[in-house]
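The two complexes that follow have chain A in common; it is paired with chain B in the first and with chain C in the second.
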Partner chain A sequence: MRRAHTLIELLIALALGTLLAAAAWSAVRAASQAITVVTRLSIQNRLLRAGAHAALDDLDTWSSYDDPTDAARQPLRAPGEPFQPMALPDGDPRRWDDLDLALDADQSDARCWYRGAGVISNGWSAGSGREYGDYALHGRIDHPDAARRWSARMQRDIVDRLGFYALFELMPANTVFSWFDADGFVPAQFHATDGYTERDRLYQPFVWSEARDEPRELALLSCLSAASVTTAATFRQPGDDPSHRWFSNWATDKWRLDGVRGCVSVITPMPLRPATWPALAIDLNRWAGCGRFWAIANVTVVDPTTAERISLHLRTHTTTLLGARRQRHRDAGWARAGQPTLDDGT
Partner chain B sequence: MSRSGTILIIVAGLSAVLAAMTVALLARVRGDAEESRGWLAEVQARAMLTAGLEYVCETARIGWDDPATPAAEEAFGWIDVRDGGIGPRTANGRPVRARDGTAAFDLVTGLGDAFPAIGRVARCPMRVQRRPPWAMANGMVVNAMTRDPSLPWSAIIAHPRPDPQPEVATWAEFAAGDPQPVAGTDGVAWFRVLREDVATFVVTCGAGATRGYAGWNEVQADSAEASFGGRDAFEELRRDESRLHFRCAWSAAVGGNSSMHYLDHAYHLNAISSPDAAHTGGRSVQMVGTIRWIQRLMAEPDRW
Partner chain C sequence: MSLLILAVAITGTALAYPVAIRTQQLSRYQIMAGAKVLELLDSFAQAGHGVASQQTEAEWLGQSTFTASPVDLERSMVKSLFDMLPLPSGIARRIDSDGDEIARLLDDGGCLFYPSPNPHQLGSEARYANITERGDSFTDWSGGTGEGADEAASHVANLVFAVVGCAQQNALPYHPCLAWPYYDWTPAPLQAWEIASWRAHAAANDPDGPWPGLVEAEAVHALVNPDTVQAVVGDLAQVAAYVRAAQALVAATCATVATPGGPQPLPPADLRTLTPPWPAADPDVYPPPWRVLATRVLAHAATMRTNGVLAASAPASAQEIAYAAATHDAALGWATRYAAMDPYDWGAARPLNRQIGWDFPLLQFDCFASPGHPDPIYRVPDGTGDVSWRVVAGRRPRWYPEARGVYATGAAPIPPNRRAIDESWGEASHFNLASRFAAEERARQIVCWAVDWRAYEDCESAPAAPLDARLCHIDSRGNQVTLAPVVAHPEHHLFWADAARASFPAPYVFGAVESGIETVAYKQLRLGWWGADRDGDKSFDQGPLPATARLRAATVARFVFYDRRVPHALRN
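Moving on to the complex of A and B:
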């Protein structure tokens, strides 16, 4: 028969047992917490990767701007917007079928030669005459020689049909943005104005004075200014017409240059996620300004429990506006090889 | 006896819980690592897009030197800026030479047996060289002013050591570089360029070890079977790699050089007969043309 435990033995055994149990519990709890943290970090990382993939995919396809598979999500196909189809049937007033208006002019082609576009302005120096000669004879919007009217008509009609951003992308990179109208003068949109961001004013005043209306390439025309492609509601209020408007460093309202950051197209993945899960937000931003073209995506993951915020800022070579137009079928959906696109018919 | 059994069960249970958590953790870490590898491949492939677009631009003008001639041949664009003909052609109007030394293409049709003929491909496996040709040294060279008033000014402010300095001491090494690949950078990424039309290209960017071969038949045509250890191994590499396809168009037009013809220093209107030479010269930013547009291809094209 075994001897019974004494009280001291029992107390010591209980104490040791409690210690062991506490240590074991601590170990399990620490391991569990570590795994919870790792799992959460892993979810954050997966969200970040998924967001980056989605952002790059959208940069490649412009789907958040114009979804070719959903007619309800094509706000930029209206007249004057960058995704307006050019392949329209005969009789449609928006049809662009002027034979002068081919997009692909090589640099040896007389259409691309220098024509002194806007070299004598009638804006700031209005009424001062043509002290350097009448350059409208060299090229103007209604010149009888097709080569001498090409640039003027391209500029006018691309702005009219597709907006500023499209103009800068579709015209040759060395284009001097100005032209002579039928009256031999530079049109009003190149004149100095009081409003830096007036609609349909292609001219942007340079830093030192608004009384400067020299013709310029994109590099100087967009100095501290930007033209955007946007579906953002903030910039689509009645009368806004954002495809024909500058964001300018000298504006004081929402059209200030830094406002272009708000011209984002937003993707909202996982709309039904539980509130405690990390939140993923993606925004895309496209604009021509400060001398170059910008295609930007921001991917942000926010942890609601810790308020920790991780952001990934992406800039990459990707599909341009003209490339995106070529991706889209003329009628609906994506265009396969050989099928008509938004640009066929130009 | 029963007490020992209880302890064993408790310990075994705790161990099982810890083991399960560990396995789950390892599985998740492994999954993360695989996903990260995929993401890394995507980024690598996109870096190759930049390289491919630069290749299209630069080969419009340079890279066609014929070693058989003393001249350093240059070309005048994929669409020749002098007459709109099919390029790239040299100053004398002849097509540039392909890598095998033959005339690259027919002047009228643009067709030929090798890139840059229309319909032909340039395959460009990439690696980081230990030292590229003409490599400059990092770091600033100090030319301290001499504190000896007896010296002439020309000696006091002279910069006897040019800045920057070449990475190596001899001209021959400087010109040749060290083309050996940095470890771990060979067989990682590539791009290839199909000249689809006169100035339209399909740029395929890859992150993987196929070195840009589109298929085993190309490997065989290039007698490169030994690089892959057989067709099955090559096909496995193909399955594992990331590929992105883009179509793009080139233009000779270059921005940033013309505006200053209109301006003087006060930003007043200026006659084009007296261009602002100083500003214009400073703005001659590049001479290899512009990528007019880029289109991500939604599916693998028939030819790439």
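Moving on to the complex of A and C:
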């Protein structure tokens, strides 16, 4: 005959069972919290990675600035903007050369040499000018010798049709940005220093001496200044013309140098996500300034339930504007090898 | 049994989930580290390469601070703005790591770096950080939306970086006694250093061959030089004399053809019409410097005849205009040919018109003894005790001039230093910059660890990491050698001004001659004696961890990168 449990045994068993249940519950709770934390971290990490991939992809393709597959998302193809096609028909007087439209700044080619005076643009005394000689004889926009108008036309047309940033991106490092117009003088845009961030003034007052007007390269032109590519509405108000304007350290309005950080192009992945999901936002920023080129992306993940905000800051080498223009088919879509691009003539 | 099963399950769970959390945290760190390394290499490949405010040349070997100009990544991080700051060595020494990698790195003279609390985004020179104080950095990383700091900052703040693996010997940015290549515009008048060089090389026994036309060159320089050119432009007789003198110089040094405007230098032959190999003695292929200088001066003189001042009273004739155009073309042709063909011909300045930056001669220090120099150490005869290695080049340069720069902030010319340059050459066979190499020789690693070093009580009071004295703009004679700050520590914008640690020093003033640089107060201020605001919040912080405690760093990621030997910039 089996003996029944005593009351003490029953109490002990109950106590042990309770303890066991409590421990199990604690473990489950801990596990649950850990799972929550791990899941949250994992989701955030995956979003960060996805955002980084998307940002790097856009930095390579410039799709947020110009979507070659969607004509409605090509705001920078208008005249004067960086993605304007440069296909000009034969005989168009704006072509750099009657026979050749190639964008070529190869310094082994005499067409691309700088032929102006080195120390001064137009002259030190108003009125007469050209005190050291008429260097426009050697090369100018309407020179009868095609090789001697090549560089002038190329610089004029790039800045007119594509803007400041494009000029720096499309011309090689160390380019001297200057050319002579038909009147034999360097045009105001490439010479006059009327004031910081004045529209259509590639030249600005120089940091150390406002009166200096010598021909300059990127380092001096962009001293404490920046030229941006932007689709941001803030800088596209009537009269803004951001592709032909500097941001300057000495400006006091939205064109101040740090304003360039607002020139963002925004990508919003997962537009249909539920409101409770973490939000992923990407903004991209490109400019030439302070002596170099900048391509920056910020990837931000915001958790709507905790308001936690995580950002990833990316700055890297990317496809140049020149490369981006040549990724795009002249007519529509992406260009395959051998197909005409935004830089090819008709 | 059930108890045992349950215990195992609970223990397993308790152990597994922290591991999972750590794995996700590590993954987060790896994402952040990858982003920082992309940023690092972007700066590395596109670093500022302006030489304003640099001492590019000096009288003797061992006197030019520019030889310490960074080529290696970790030195670039110390010298320039890379958004990475050296961790105080006092703190770095308390951090343990797998295989004692950090300790060995520090023992070898390496350094740990932490990410700047305010990533620098608007320039590649140190001066911008001060001038643009209001807008130079992101305190929030929101792309300008101004929504404030976020969690990323704390994740990045826990990362420290180092460069491991042996750096290779780098190329010199310039010869320490001569910042070649010199550049000038074509056309341009003869510079003082050029006529001096002409005199030096005119002797029949010049080892590289004598320069012809000294008498004519002297005449040209006496008529027009950079100091007198402005006074000449409106004087027709003077300009005409300048043209005649330049024509005489060209006739004495170049093959010319007679034209109605005067003797005109023949342009260089098209290389495509010449069958290689091209003989080194062929002046059409390898033009001598006197030809480049003479044609440059003639183009300057002939173009000056067309100037706007004379145009009002005595405009140039069609013949003079045509002559100016033809001589200008010939001068550019010879100057660009000269610059393209031989980086070791140092006789004439490179034309600024030729808009490339890649004709630098390859130079390196010769670190080893040779029969010619049993002692590889060159002892600088200036009484300072400075020493240097000698220099070797891809080929011994010919027709080099003397330094034309100024010494120190008093702007005194560098004394004639031909003897110093002559004595500077080491054993040519030791040159190896152009040698074949295996890929692994150029591979180094950026290593990233995670460690909460800001938990230390002295995280913001520990003195800054020591700065290599060679990166300071002061020489052994005690002179400030540039107009850049004598000491520009990478943490300087975060330094506390004094022991109260409530304020910051005044920003540097670029272009100023600094005083009191040998005082204790100056050194305390500029070398970070009082520590720094290392989280960038403008308030003094102390962590809970005593300085006697040690922390263990977890390895986050390793990145292999190419260890360059030659200074370069990719796009700017």
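Convention: the second predicted complex is superposed on the first by the 285 of 346 C-alpha atoms of A that agree within 3 Å, B and C clash if a C-alpha of one lies under 4 Å from a C-alpha of the other, contacts with A are read in each partner's own complex, and residues count from 1 in each chain.
FYI, contacts are C-beta pairs under 8 Å (C-beta built on N, C-alpha and C of every residue); 3 or more make two chains touch, one makes a residue touch a chain.
Just so it is clear, the structure is predicted and the values come from calculations on it, not from any experiment.
By the touch criterion stated above, A:4 is placed in contact with neither chain B nor chain C. Of the two partner chains placed by superposition, only chain B is touched by A:53; chain C is not. In the superposition on chain A, A:337 contacts chain B only, with no contact to chain C. Of the two partner chains, chain C is the only one touched by A:309; chain B is not. Once chain A of one complex is fitted onto chain A of the other, the partner contacts of A:134 are limited to chain C, with no touch recorded for chain B. Once the two complexes are overlaid on the shared chain, A:176 sits against chain B and chain C alike. Contacts of A:109 after superposition: chain B is touched, whereas chain C is not reached. In the overlay built on the shared chain, the residue A:322 is in contact with chain B alone; chain C does not reach it. More chain A residues lie in contact with C than with the other chain of the pair chain B and chain C.
Contacts of A:72 after superposition: neither chain B nor chain C is touched.
Residues 24, 27, 31, 35, 38, 42, 45, 49, 52, 107-108, 112, 114, 119, 124, 132, 172-176, 208, 217-219, 291, 316-317, 320 of chain A lie at the contact with chain B in one complex and at the contact with chain C in the other.
Touching chain B in their complex are the following residues of chain A: 24, 27-28, 31-32, 35, 38-39, 42, 45-46, 49, 52-53, 56, 60-61, 104, 106-109, 112, 114, 116, 119-121, 124-125, 132, 169, 172-176, 206, 208-209, 212, 214-221, 291, 316-324, 326-327, 334, 336-337. Only residues 16, 20, 23-24, 26-27, 30-31, 34-35, 37-38, 41-42, 44-45, 48-49, 52, 105, 107-108, 110, 112-115, 117-119, 123-124, 128-135, 137-138, 172-176, 208, 217-219, 224, 226, 249, 256-258, 260-262, 264, 283, 285, 289-296, 298, 300, 308-317, 320 of chain A touch chain C when the two sit together in their complex.
Within the complex, the chain C residues that touch chain A are 2-3, 6, 9-10, 13-14, 17-18, 20-21, 24-25, 27-28, 31-32, 34-35, 38-39, 41-43, 45-46, 48, 50, 119, 121-125, 128, 131-132, 134-136, 138, 140-145, 147, 150-152, 155, 184-185, 188, 229-230, 233, 300, 303-309, 311-312, 316, 321, 324-325, 328-329, 332-333, 336, 340, 352-357, 511, 569-572. Across the interface of their complex, chain A is touched by residues 14, 17-18, 21-22, 24-25, 28-29, 32, 35-36, 39, 42, 46, 49-50, 53, 77, 79-84, 199, 246-249, 251-259, 262-263, 267-269, 271-273, 283, 290, 292-296, 298-299, 301-302 of chain B.
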